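One chain, chain A, links the two complexes that follow: it is found with chain B in the first and with chain C in the second.
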Partner chain A sequence: MSVTQLETSVRHTDRDVAVIDLKGDVTAASEAALMDAYREASRDEPRGIALNFSDLDYMNSGGIGLLVTLLVRAKRAHQQVTAFGLSDHYRQIFELTRIDEVIGVHPDERHALDAARLGARVR
Partner chain B sequence: MPRRGWVSPWRSGPPASPPDPLPTTTVAFDPDDPLVEHLAQVAEPIALDRIDLDSPGVRALKAAGMALLVPLVTSGELVGLLALGPRRSEREYSTNDRRLLQDLATHAAPAVRVAQLVREQEAEVLSRQRIEQELHVARLIQQQFLPKSLPEMPGWHVAAHYQPAREVGGDFYDFLQLPGGQVGIVIGDVTDKGVPAALVMATTHSILRAEAARLLAPGEVLRRANALLVEEMPANMFVTCLYAVLDPASGRLRYANAGHDLPYLRRAEGVVELRATGMPLGLLPDMDYEEKEVRLEPGQGVLFHSDGVVEAHDPERTMFGFPRLKELVAGATSETDLIDRVLTHLAAFTGPDWEQEDDITLVTLSRTATAAVIGMDGPTDAAGLPPQARVLAAFTVASEPGGERAVLPRLAAAVDPLGLPALRRDALATAVAEATMNAIEHGNGNRPELPVRLVVAATDDAVLVTVTDRAVHGPSPEGPEQPDLDAKLAGRQSPRGWGLYLMRNLVDEVRTRDQVGGHTVELVLHRDGVAS
Partner chain C sequence: MSDRLPGEEYRAGRSSGERTDGPELPLPDDAGPIPRVPRDASYWAAPVQRLGAVSDAARSRGLEGKRLMGPQQGFGQLWQRNYRVPLPGVDLSAAQVVGEWKARFGEFWPSGGSFHAPLAGIAPGELAALDVGVGQLVLLSTGVFVLYADETSFTFMTPQGHMFTAWITFAAEEDGGTRTAEVSMLLRAADPVAEVAYLLGAARMEDRFWIATLTNLAAALGAERRPVVTRITCVDRRRQWRRWTNLRHNGGPRTLIHGFRAPRG
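Take a look at the complex of A and B:
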C-alpha cells in the first residue's frame, strides 16, 4: 500500500484571510506539504487562516501532531486558525484532543472565514 | 301441454331434475354448435323443423323426438334451452302456447343465469381454497428443508437469501458439514411448482445429504443422486442442481453442475462463470458430471443463484437477464452487500406492482482473509479471544510507513455486517490504525519483512480487534505523559504523542499482552456503548 499524499492548495481570498484546501491524507508523511502550504498562506501576513477539511480522507495521530505544530507557528504569528468541512468523526477527534478549543470549527467556509477575521481583530 | 320437456343446459353436466313421472332424454351438444348462436339470435320459441342448419345439435334433438325449442336468452346470451316434444293432442303448438312459453323463458332466463353464476362462484371459491391449502403445504415442506443457520468459517463470509414466489417454485439450498472441515454448498431448483415440486425437493435434499456424507467428490455425488432420482422422479419433472465443496483452509472450491444456472466468481480481473457440464437430475439414467476446481483468494467471492432473478420481468416484459446480474457482481467490492444490491436493483427493475414469478435464491461465499494467516496464526491469536467470539477477518500488513492505511478497507469490510453506527465504526477504524502504526514503527521497527497480524472478531456484545507485532524492539512504548494541548502549544511538550491517547479514548477497552515472539494490543468496542 503506497502512502497517499496530501495535496494542498492555497487561496488568498482577501488581505485578511487565506484558505488552505487539504485533499487526501494528513499524516506524519504530510509534513512538507502542509508546512509549505502554511508558508504560502502566510505570505501576505493574513490575520487568519481557514483549513478546509472537506476532502480529507484520513488523519492519524501523526497528522494531529502536525496540526499542533502549525498551531504553534500560527500562535507565534498572531494568526487565528479556523477549520471547516470536518466529518463527524474528525470533529470528535478535535474534541478529544481539545484542538477544537483552539481552532474554531465551523460548518462551512463562509463562517470559517468570518471567524478567522473576527478572531484576529479581537486578538 | 307438452308431453315431455326439460331444461337442457348444453354445457356439460347432468340436466336439472325433471318433474316426475315424465321421462327425460339427455341430449348433449357442443358449445360451438351453430345452433347455439342461432338460438341466441332468434330468442323466441321456434319449431325444430324450421331450423335449417348443418348442426349435430339439431340432428340429436330431432332424433330425441323434440319439436319446439324455447331459447332462454338474457343479455343477448343463450343461457339455457327448453326443448319440447310434440303436443299430446298431436296438434301444432298454438300462438298462445308460444306466448306462454316465451313469457316463461323471459322470466326463467335471468334466474338460470344467476344460478349458473352462483354455481361458478362456489366452484371458484372451492378451487381457490384448495390452491391456498396446497400452497401452504408446499411452503411448509420447503421451509422444513432450508438450512436454519449459515456455516461459520474463520476468514470466510457466507450469506443466503430465499424468497418464495406465491406459487412456491421448488428452489432449495443447503450447507453440509463434511469431513476435514470442508463445507458442501448446494443450490437447486425443481421444475414445476407447488406440492409436487416441494416433495421432489425434499427427496433430492435427503439424497444429496446422504451421498455427500459418503462421497466427497462433487461429480460423484451428483452422479449417485441422479441414479437414485431417475427411479423416483414423476414424469416431466427434473431438478437442476449445483454442488460445490469448499476447503476453507486452502480456498479450494470443487464443483459439479447438473444443469443449474452458472455461479459467478468475482475477481479483481473481472467476473467469470464457473462452468461444468452435466444434465439435470432425474431425466436420464447413467449420467456423468464434469468436476471443476477453482481456488478462491482473499478478496474473491462467488454468487450462487437460481433463475428467479434473471427470469424476472419488468412491466414491459423485458427479462432481467444474466448480463445485468453479472454487472452487479462485477460492481461489488465484497459479497457482504451483494444480496442487498441484487434485490434493490431487481425491485427497481420490476417496479412496485410486480408479482414475483418464481422463487428467488441467492447464496454468496466470499473469502475475507488469507488462509495462511488463519492456519498458522489463528489459534495463537484466537487464544486471547473469548470462546464465543466469531472471527470476522484475519490478515497481515507489511511493516512499512503508511502500512496502517491498508488495514482500513479490510477492517471496514469485516465489520460491515455488524451495522455499527458510523461514528463508532470510524472511531474503531482510527483506533485500529493507531495500534497498527505503533506495531509497525515500534514493535517491528519499520522492517517491511515483518508482518503485523490483525484479527477482527465479534461477540454479541462487542467487536474485538487484536494487533500483534514481533516485538523486535521490545514492547511498544506506553507513550509519554498524558498529552496536554496547552503544554504542547507552549512548547513544553512535543506536538506529537497522541496515538495511545486516541486509542484509549476512541474504543472502550485497550489491553496489551506479551507472548513469546510477539506483543498484542487488543481493542474492544462495545456494540451498544458510546465512545467515552
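Take a look at the complex of A and C:
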C-alpha cells in the first residue's frame, strides 16, 4: 500500500479562527506535519480551529488517533475545533469512531468558521 | 485518446454519446462524475449505531445492542500506550506478519484468557468475544469490534461494558531492515470504578499482557528473542467527569457472574 505525505497549510482568516488545510494522507506518520500546522495555527491564539478535509486522500485508524490528540491540545487551549470538506465516506468514519461528537462537522467552510467562532464565544 | 474525465469511466454511455449494447442505465442529465472510491474504503467497518446480530459467544457477554466507545467517550485520563518488539531473523513481509497475527490472534494471548475470533476472521465490522483473567478468580468477559483492517495493521474499538474506551492497533513494519511488530492504544478508563482499578494495578496488568502477547508472537514467528520496548504517555491528565454515567454500562457484575460460571479456555 503506497502512502503519501500529509501536506498542510494554515490560513488565519481573522483573529478568532484559523483554518488548517489538509492534503494527502492522514496516518500516524503525519503527527509532525499535523502538530506543526496546529502550532502555526495557534500562533495568534485564535479561539477556534477549522480543519479542511476537502483534499483528504486517505486516513487510517492512526490518523483518527492523531485527531484526538490534536483535540486534547485544543481543549487545553480553550479552542473550539470544527471540520468541513469531509466526503460521505469520511463523514461515516467520523460517525463510526464517534469523533463527530467532539469535532463539529460542517458542510462548508463558512459554517465551520461560524461554529468555531460561536463555540469559542459561548465557552 | 479518451476525452473522459478521471472518475467517469464507470458511467453508462449515454452522456458521452456512445451507443451501448446492453440496456442503458438511466442517469439524470446533470449527473456529474462519479466520485472516486477512497483508497481506504475497504479497510473501514461500515457505520453501526449499535451492535446488532452477534454470535452466541458475544451475546453471552452482553454485547448485543451495545454502542462502540472511542477514547473520547471515556471517563479517565487519556493514555497512549505503545509496545514494540523487533523481529530479527523473521523473513516475512510486514503484510505476512500481520496476516499471521490476524489468523492466529488468540494463540498469542497470555494464558488465563481467551479470544473467540469471529467466523469471518479479523475483518472490518466483525465482533470478537474475549475473556481476560484477572488474578485466579476473576475473568473479565467482553468483546472488541474490528474498526479497521488493512494489509499491515488492524484496529479494535471497545464496546460499552468494556473496562476501557479505546482504539487498539496492531501493526507490523520494517524498521532499519528489521521487521517490527507493535501494539499501540489510545485509551481512557470507561468509568470511575475502572479508573480506580486502572490506577491500582490494571495499567501494570496491561503492560504484562501486551508484552507477553508480543513475546509469544515473536517466538511463534521464529524471531530471535528481543525485549519489548514500552512507551507510555499521558495525553490528557484531565478526567471527563460528565462521563461518570458510563458506570451504568460497567460490565463488572455480569463479568463476575460469567467468569464464575464459564469454564476457561
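We take it that the second predicted complex is superposed on the first by the 121 of 123 C-alpha atoms of A that agree within 3 Å, B and C clash if a C-alpha of one lies under 4 Å from a C-alpha of the other, contacts with A are read in each partner's own complex, and residues count from 1 in each chain.
Heads up, the rule we're going with is that a contact is a pair of C-beta atoms (placed from the backbone, for glycine too) under 8 Å apart; a residue touches a chain by one contact, two chains touch by 3 or more.
What you see is a predicted model; the values in this text were computed from it and never measured.
Engineer: Clash or fit: what happens to chain B and chain C when chain A is overlaid?
Structural biologist: clash
Engineer: May I ask you to decide whether A:Tyr58 touches chain B, chain C, both, or neither, giving the answer as first, second, both or neither?
Structural biologist: A:Tyr58: touches chain B and chain C.
Engineer: Which holds for A:Asp14: it touches chain B only (first), chain C only (second), both, or neither?
Structural biologist: neither
Engineer: Figure out whether A:Asp108 sits in contact with chain B (first) or chain C (second), or with both, or with neither.
Structural biologist: Touch status of A:Asp108: no partner.
Engineer: Thinking of the overlay built on chain A, is A:Asp36 touched by chain B (first), by chain C (second), by both, or by neither?
Structural biologist: A:Asp36: touches no partner chain.
Engineer: Pick out the stretch of chain B that clashes with chain C after the overlay, from 44-52, 116-124, 188-196 or 494-502.
Structural biologist: It is 494-502; the other listed stretches have no clashes.
Engineer: Report, in rising order, the residues of chain A that make contact with chain B in one complex and with chain C in the other.
Structural biologist: Shared contact residues on chain A: 1, 28, 58, 60-62, 64-65, 68-69, 71-72, 75, 87, 89, 92-93, 96-99, 101-102.
Engineer: Of all residues in chain A, which touch chain C in the complex?
Structural biologist: By the definition above, chain A touches chain C via 1, 28, 57-62, 64-65, 68-69, 71-72, 75-76, 87, 89-90, 92-93, 95-99, 101-102.
Engineer: Considering only the defined contacts, which chain B positions touch chain A in the complex?
Structural biologist: Contact set of chain B toward chain A: 397, 401-406, 408, 422-423, 426-427, 430, 433-434, 437, 483, 485, 488-489, 491, 494-499, 501-502, 505-506, 531.
Engineer: Show me the residue ranges of chain C that touch chain A in the complex, using the header's touch definition.
Structural biologist: Residues of chain C touching chain A: 35, 38-41, 43-48, 68-73, 78, 80, 147-148, 150-153, 155, 157, 167, 169, 184, 186, 235-236.
Engineer: Over in the complex, which chain A residues touch chain B? Could you list them?
Structural biologist: Within the complex, chain A contacts chain B at residues 1-4, 25, 27-29, 58, 60-62, 64-66, 68-69, 71-72, 75, 87-89, 92-93, 96-99, 101-102.
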